[in-house]
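One chain, chain A, links the two complexes that follow: it is found with chain B in the first and with chain C in the second.
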Partner chain A sequence: MAAAGRIYLGLVLVFLYAPILVMAAMSFNDSQLYALPVKWSLRWYADLAGNQRLIDAGINSIVIAMITTVIAGTLGTAAALAFFRYEFRGKRLLQILLFPPIAIPWLITGTAMLLFFFWTGIGRGLHAMVLGHVALALPYVIIVVAARLKAFDPDLEAAARSLGASPWQVVRYVTLPFLAPGVVAAALFAFAVSFDQFVISYFLAVPGVSTLPVEIYTSIRKGFTPEINAISTIVIVSSMALLIGVTRFYRFGGDR
Partner chain B sequence: MATVSVKGVSKLFGTFRALDDVSIEFDDGGFYGLLGPSGSGKTTLLRLIAGFEFPDMGAITIGGEAVERLPAEKRDVGMMFQSYALFPNMNVFDNVAFGLTVRKLPRSEIRTRVGEALELVELGGLETRRPHQLSGGQRQRVALARAIVFRPRVLLLDEPLSALDKALRTGMQIELKRIQREIGITTIFVTHDQEEALTLSDRVGVLRDGRLIQEGAPRDLYERPKSAFVATFLGDANLLEGIVEGAAIRLDEGPLVRTTAPLPAIGSRVTVAVRPERITVSPEAQTSGGEHNELGARVEEAIFAGNSLTYMLSRGGRKLRVFAQNTGSEPVSADTPVRLVWAASDTIVVEA
Partner chain C sequence: MAVSTTASGGAGRANSPTRAVVLLTGPAYVWLTIAVLLPLLAMFYFSFLTEAPIAGRVGELTLEQYREFLEHGFYTTLILRSLKLGATVAFFCFLLGFPCAYVLAKTIKGRWREALFLLVIIPFWSNALVRVFSWTMVLRGNGLLERSIDFVIPGAGSLGLMFTYPAVVIGLVHSYLPYMILTCYISLQAIDDDLIEAARSLGAKRLTILRRLILPLAMPGIVAGAVLIFVPVIGSFMEPRILGGRHGTFIGTIIEDQFTAVFNWPLGAALSFILLACVLVIFALFAPVLKRAA
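The block that comes next holds the complex of A and B.
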């Protein structure tokens, strides 16, 4: 059994990481035609440094993802707290309405947003992309923070109040420190949802202003170059480093 | 410190009447136990005094000041929660210091007062531990220190000992009583455990269905319960029903039972209660004077519990119970007809 389990685990890891590893290896291969054996070179990374379009798109992606993270993280945490603390009419319905946007295909959401933004005069561009990404990320944030809140003992807030803490002090010293791991996880989700987003960004981009996934797609259509492997490898390594750092720092679910 | 007074307080949750016109005076420096089954409203009353809920009717005063509209953080009331509610992200020192930190006291004073509080609950040296590194008993002491360190006017305890195992509980009862006396703080605590209420309190109030049905000193309540509910909720009681006949009660099944308690009008139906430990099981009929009651019964089972014996008896269709000290003599065996004997002064008349 143990051996079978180990083989199964091995297959899962291969399935997950093999394509990524191949891509990473090719980004260091001098040959444009993926000739083997790999001849090590940093040529594509040097090319990338000169590709202003990809670099601009990358900066756009990071800026949009950071703004999305801050807005969706704040709004979503506040919403999760409201769901946790208050009973109000239509609360159950609102909670149920959080899930469909996750299941609806992005192509449909994107079309709907494009129509709606056109019709309301919001239009396209960076601001429209931020709006769209916030709307997409919000349900994830609420769900992740709410999951953390499930383990929260309301007596903690009551205790802080009886000890003389003002409502603001209760949130600052008791509620937020408890929620922090959940909020950080939710923020990562929001960042990832925005940074990975292709369809909606594609619909809402205007010429000259696009995001990394949109720019990569455009370059592939024009003809694939290993520069794409290079930038993808940079993205993968930096996002993995970020995730590992955060999980090590917070030991999710491990603090009581 | 301060007296606390609750006057005509009612609290509704939707259509459920959690408290119904409750009035209680809590003496300055007293230890008052609120006792009742779950759903009796005892915890609601505590939360109203703490300021987590507001009454729909009635007044609450602390030291003469009306507080029923003040939020919890303005009431200056220390509370210890059933779950202890220690802040998991803070160590013992910061937990205890919390009430002083939010009041922005100078750091040196905080250090002195936290030190004193931890000394009082005998937890000196554990300042840097986190709550999850403490035993149940230690957590409880931290919760207590945190609730008293800012010198509140009143201390509220919600089921303070229910999370501890039995051996620890007895020790903590004595400890809690010592600390309460030492600082002389008005203390109100909630429990469903009658023994805990009797042991700890100077006064006990029994709540049922949102109403205060009886209050008094623990001995008063035990010796003179005014209802079958209080008689059976506080300790154990054998209940017998009958009709008042002269200065005694004619039981439905015939025999006459004497009492020294005042009786309602002749012909009224009453219920009497007799504590199981006040009855003697005797194999043969006594030549009893007028001061004693005697009733025939049959032993169904004698349960041996080391220092005591419990006799389960039946009389007609009625089950009765008697506690006897283990005096070394042979217990009466099952199926033996016996006489149950008790003093007239041990017949408690409870309402019909």
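The block that comes next holds the complex of A and C.
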């Protein structure tokens, strides 16, 4: 029985990873028609180096993700601290307001952003994508930091105060050092959320200014080429590496 | 700013709590308001206009967009099609994911469990677009799947799975399966092993234990997983476009069209809003179970 369960789990893992591995293998296949057996080659990766559109999109993706990380990380950590330290009227409402960016399908959020930004003159482009990505990443940052804060003993702060520390010193030398792993996890997570975000970026992109997922989508719709396999392989490998980084500091799904 | 009267400020805090709360939460919530809440309100407003009030045009208030929706059976059909897709994907995720969560939670222990759990969860948070795209490499005509089948049964012919409804379902199940495994795992883990042992020692059969004990106790996790899968699936458009081709028309792709191809923003807004209403009804219906699962 236990063996059967393990085999089943193995099959599910095959289902989850096989398509990605096939795609990766094809990105190293010299044949444009994906002929088998695979004749190994790096030609599609070499082609990428000459594809200025994809390179520009890649730079945009990284820049947007870095800005998102800094802003969402800072604002989210501050909000999580407030939720942890203070009881106040409207707290419940503020916590409920974290759900729309996570729970509403991104298609709805994305189209709403498009028409609102267009209407108010904020416009589309990189700044609009940062606006959107930060909003999406904020709830995740707050949740991850709050999870870390749950393990924090407020008596530590009280002890520091009674020893004469100013409120700023308490935060600087007691709270933040304890929080650091949570903040790092949240920041990596925010980076991943932004780097992998497609829907919001798709609606806020303007021709010539887009991100990697948007460029990949546009290329797929024009017709598959092995070059898309190559860039997609790079994207998914970096994305998974980032998430493994997150798991060093944060446990998905609670206790194990 | 008013001085706070809440008692929870505690002794020894130099600043008034209200001021600190506003300073700490203010920036995050101003951001969320500008980037999410106001846009949703604006979309609601646009859905009552004759045309989008941009580039100098003036939209007048009307119910025409909603009438358009009600008068054309086309849109209702598409919404139903999307709801059916959501239910199908959630069902298959349960079918595949529940046993997997059970194995993880009850039969595998220690470091192995940790590692396997991560292997299951990591793809979910990684790039969704690329994962859907990777299926085209497997499903396309003369792709890996057809060749493997042809290898086992020579001359089996082509499956023709690419650009069909099943292809969309496969891609979406692949995208959201880890979600179901995660929520089921959490609720399965909370079940005391002694309880199962007790039932067994009292002579309950395996199937009886599953039906009378495990499934009911895991129900909050199953429902939470189903809802959290159903909702994004009914709003999906990229997956049907890539894997469904001509057969990939759903309410999501029609909404996308209104914004990126047809440029009928008020109709797009109305359709988005109707979809949002469906989402809210689902959340409201399942709120008690979701709360228990959280």
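Note that in this section the second predicted complex is superposed on the first by the 237 of 256 C-alpha atoms of A that agree within 3 Å, B and C clash if a C-alpha of one lies under 4 Å from a C-alpha of the other, contacts with A are read in each partner's own complex, and residues count from 1 in each chain.
Definition applied: contacts are C-beta pairs under 8 Å (C-beta built on N, C-alpha and C of every residue); 3 or more make two chains touch, one makes a residue touch a chain.
Here the structure is a predicted model, which is why all the values come from computation and not from measurement.
When the two structures are aligned on the shared chain, A:Phe117 is found in touch with chain C, with no touch to chain B. Of the two partner chains placed by the overlay, chain B and chain C both lie in contact with A:Arg161. Of the two partner chains placed by superposition, only chain B is touched by A:Gln169; chain C is not.
Of the two partner chains placed around the shared chain by superposition, chain B is the only one that A:Asp153 touches, whereas chain C remains out of contact. Set side by side, chain B and chain C differ in how many residues of chain A they touch, and the one touching more is C.
Contacts of A:Phe178 after superposition on the shared chain: chain B is touched, whereas chain C is not.
In the superposed pair of complexes, A:Leu81 makes contact with chain C only, with no contact to chain B.
Where the contact sets of chain A with chain B and with chain C meet, they give residues 158, 161-162, 166-167, 255-256. Only residues 4, 6, 8-9, 12-15, 17-18, 20-21, 23-25, 27-29, 31-32, 34-40, 42-43, 46, 52-54, 96-97, 99-100, 102-104, 107-108, 113-114, 116-123, 125-131, 133-138, 140, 143-144, 147, 174, 177-178, 181-182, 185-186, 189, 231-232, 234-238, 241-242, 252, 255-256, 259-260, 265, 268-269, 272, 275-276, 279, 283 of chain C touch chain A when the two sit together in their complex.
If you check the complex, the residues on chain A that touch chain B are 153, 155-156, 158-167, 169, 173-174, 177-178, 255-256.
The part of chain B that touches chain A in the complex is made up of residues 50-52, 71-73, 75-79, 81-83, 85, 87-89, 98-99, 102-103, 132, 146-147, 150, 156. Across the complex, chain A meets chain C through its residues 1-2, 5-6, 8-9, 12-13, 15-20, 22-23, 26, 34, 36, 71, 75-76, 78-79, 81-83, 85-89, 94, 97-98, 100-101, 103-109, 111-119, 131-132, 134-135, 138, 142, 158, 161-162, 166-167, 189, 192, 195-196, 198-199, 202-203, 213, 216-217, 220-221, 224, 228-229, 232, 235-236, 239-240, 243-244, 246-247, 252-256.
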